[in-house]
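Have a look at these structures, which come just after this line.
Two complexes are shown next, each including subunit A; its partner changes from subunit B in the first to subunit C in the second.
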Partner chain A sequence: MDAKTMIDSLSSQFTGTIYDVSVESDIRIIAKVKPENVKDICRYLKDKLSFGHLCCEFAVDYPNRNEIEVVYVIGSYDHPVVLTLKAILPRDNPEIESVVPVYWNANWYERETYELFGVKYLNHPDLRPLVLPREMLGEWPLRKDYKGFPNKTARNLV
Partner chain B sequence: MAEVKAVTPNNKEDMPEEIPGVMTTSSSAISDFLKKTKAQDLINWGRKNSLWFTVNAMGCCGVELLSTGMAHYDTDRFGIIPRNSPRHADVLIISGYVTKKYLPALQRIWDQMPAPKWVICFGDCAISGGPFYESYSTAQNIDEIFPVDVYVPGCPPRCEALIQAFVELQQKIAAKKDKGTEY
Partner chain C sequence: MDNTVGPSEMIVHLGPQHPMMPGPFRLNAKLRGETVVDSEVEMGYIHKGIEKILESKTYLQGITIVDRICYLAALTNEEAYVGCVEKLAGIEVPQRAQYIRVIMEELSRIQSHLLGMGEYASFVGFVSMFMYTIKEREDVMSIMDSVTGARVTHSFLRFGGVKDDLPEGLKEDVKHVFANLRKAIDSYEDMYSTDTIYKGRTVGIGVLQAEAAKDIGVSGPPLRATGVAFDIRKAEPYLVYKDLDFKVCTQTAGDVFARVQVRLDEMRESMYIIEQCLDQIPNGPLFPEGTAYGRRSPVMRVPAGEVFHRVEDPRGEMGFYMVSDGSDKPYRVKIRGPVYPTLQTLPPLLKGVNVADIVAIAGSMDTCTSEVDR
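So, the complex of A and B:
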């Protein structure tokens, strides 16, 4: 199965929830998804299209568009296609369904995305900060408008 | 983890008064007296020749710290021995960036070390922040938190630089110019 048939199968299964599909090459697909359906789509990808490997999951902050984009990069052990899914969330209340029930390794990705961007994952088994200290929760340091950088630093350099 | 207080010099008033079978004192009269005599030179000679350091490799500089303690550089001949327990150690080497999450643990290590104890700032990160001088997750201006005696710039400094730092620390101790003895 090549990239084209895969994305056709996916779009026919989930009409309306997958949009802006672009097949960049035989092994690269990029698509946007509706945030509500992300878990079902991942389930379908894993069960039917043998996308068994969530390579990474992260977020991108777009303050001008007032959006946070959650990006899933999903690969496979059986075929060379890599699929990039993007879910667009509102910046003031980013909430999305957790994909941990489908891809268990999303657990720490989601915890990290949560502590750095403030994306709230619904039904995540254990949504705690992963590497940041607890006091910094709520500062979302990787958002573009983060202000908490130390300004009293490196006195011998500046 | 238990609450970690800010690092302060050993507070004589905090000492418990009654421990069965143990005589405690809240005065440092003996050591104050010794400091005025020639005996302090002998004590310092002993101290400077047994600078055991804690093995807490914190950043990438930690790799240099570890290899300094290995057989190739053989720092044991100077009495510089890596110790895995802070309670055996005299020198705390801040070897890399101090993240906000690690700072309480580092202070705890420092509190656990018995006096006299010294601090070496190893690497740019510990001195001024280095590449992480504007990072959201690192604690800055470590020299305000710990009484640093020797700074070793470099990213990372070589093992020889760390041995040099120990030699300078020894000279400082012999000259009674170090900050650590008061701790």
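So, the complex of A and C:
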């Protein structure tokens, strides 16, 4: 199964929820999805198209467009196609359904995205900070308008 | 993990500083007697914010930063980063440079496995093994040193090529070192497979089934030890790997012993790859001709776009996702390290094992906390 048939199968199954599909090469697809359907699409990808390997999940901040993109990079153990799904969230209140029930290893990726970008994952089993100390929660250091660097990081040393 | 303890239960904190921990992370284990009931991993002790730092560095400066994600896999980290930029900017790497990259990356795989395996043996109390492997590793490091000029953080790759050509006489050095290393690996295998105490500590311990391993997103030797032949060098060949003959080493048991065995086999396979490369390597330029790319990288702006490039790290799948907005600095870089999901599997894997096996299982994953924290 090549990239083209996969994307056809996906768009016929989820009409209207997948848009802006671009096939970059034989093994790379980028598509945008509606945030509320991400979990269903991931379930379909895993069960029907053997996309069983979540490479990573992270966010990109676009202050100019007032948007945060949550990006899912999903690969497979059986075929070389890597699918990039993007869900666009409003920057003031980014909330999205967690995909942990589908991809178990999304747990830490979502915890990290939460503490670094402030994306709230609904129904996540354990949404705690992973790499940052608790008192830095709410500063969202990987957003583009974060001004704390480097003063905040040296705070504890003085 | 639920922090309430019942009768005859206690919580033991292992790490972050503990001589037997593979890197600074903390493992909180809830014990009932000698058995682990539940556990959780705490990260962030060496969080360096490399993803944020890369956003404020030019593309060329980024090469030295990605070296420091994990010092054992500096060259493969560079390959993933440089590969992203090359894909975005459409730079073709000449054949000779591709072969040199393969040689160096396979050498770095050998030295990483030698350290990981030796360190691991000392975790289960086989301390002499560490002395044996570190001796052989020194020779491999000297070869890398003679090519890149550095032992740990190489900064060797450039956009479109490599910094330096191979020195004269490298082929003879490699031949000499590999002859010793082959003997050494045979003797390690012999020691591992005949030592009853070592086998008692490793055979059947920490078993990960193939389906479970796929489900939780493991890659690299821990996955191949379960029998899944997943290797980025085969699944999605980069550089000249599609012209080279090598096999993906697998085992079926999925236990601690199998993971170490996979690493031993991979070192042999890497040596075979390097020998092929040294025989096949063509003469030619190190950088694409007729372009500005050379030993001194030009001040460059990379066309806007997004790319995901992944390579096979000594520990598994290393991927970089890079977003460029057309300026001289990357807009966003996501580093997908192989150990991140591997370390995540520890709590389910440790459920029901003995306290003494915690370090054996955690060590066999060859974790690199520096890479998980980034």
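We adopt the following convention: the second predicted complex is superposed on the first by the 149 of 158 C-alpha atoms of A that agree within 3 Å, B and C clash if a C-alpha of one lies under 4 Å from a C-alpha of the other, contacts with A are read in each partner's own complex, and residues count from 1 in each chain.
What we mean here is this: a contact is a pair of C-beta atoms (placed from the backbone, for glycine too) under 8 Å apart; a residue touches a chain by one contact, two chains touch by 3 or more.
Everything numeric in this text was worked out from a predicted model, so none of it was measured.
*Asks:* Looking at the overlay, does A:Tyr103 come into contact with subunit B only (first), subunit C only (second), both, or neither?
*Replies:* It touches subunit C, and subunit B stays clear.
*Asks:* Contact-wise, after the overlay, does A:Leu122 reach subunit B, subunit C, both or neither (first, second, both, neither)?
*Replies:* Neither partner.
*Asks:* On subunit A, which partner's contacts cover more residues, subunit B's or subunit C's?
*Replies:* C
*Asks:* Tell me which partner A:Arg28 touches in the superposition: subunit B (first), subunit C (second), both or neither.
*Replies:* So A:Arg28 only meets subunit C here.
*Asks:* Which partner does A:Val60 contact after superposing on A: first (subunit B), second (subunit C), both, neither?
*Replies:* A:Val60 sits against subunit C, while subunit B stays out of touch.
*Asks:* Go through the superposed model and pick first if A:Met136 touches only subunit B, second if only subunit C, both, or neither.
*Replies:* A:Met136: touches subunit B, not subunit C.
*Asks:* Enumerate the residues of subunit A that count as touching subunit B in its complex and touching subunit C in the other.
*Replies:* The answer is residues 131-133, 141, 149, 153 of subunit A.
*Asks:* Under the stated contact criterion, what part of subunit A meets subunit B in this complex?
*Replies:* My answer: residues 131-133, 135-136, 139, 141, 146, 148-150, 152-157.
*Asks:* Show which residues of subunit B lie in contact with subunit A when the two form their complex.
*Replies:* Subunit B residues touching subunit A: 100-101, 127-129, 133-138, 140-141.
*Asks:* Write out the stretch or stretches of subunit A touching subunit C in their complex.
*Replies:* Per the stated touch rule, the residues are 27-28, 30, 52-56, 58, 60-61, 71, 73, 77, 80, 82, 84, 103-105, 107-109, 129-133, 141-142, 149, 153.
*Asks:* Given the complex with subunit A, which residues does subunit C contribute to the contact?
*Replies:* 43-44, 47, 49, 51-52, 214-217, 219, 228, 230, 235-236, 306, 308, 310, 317, 319, 321, 323, 331-332, 334, 336, 340-341, 344, 373
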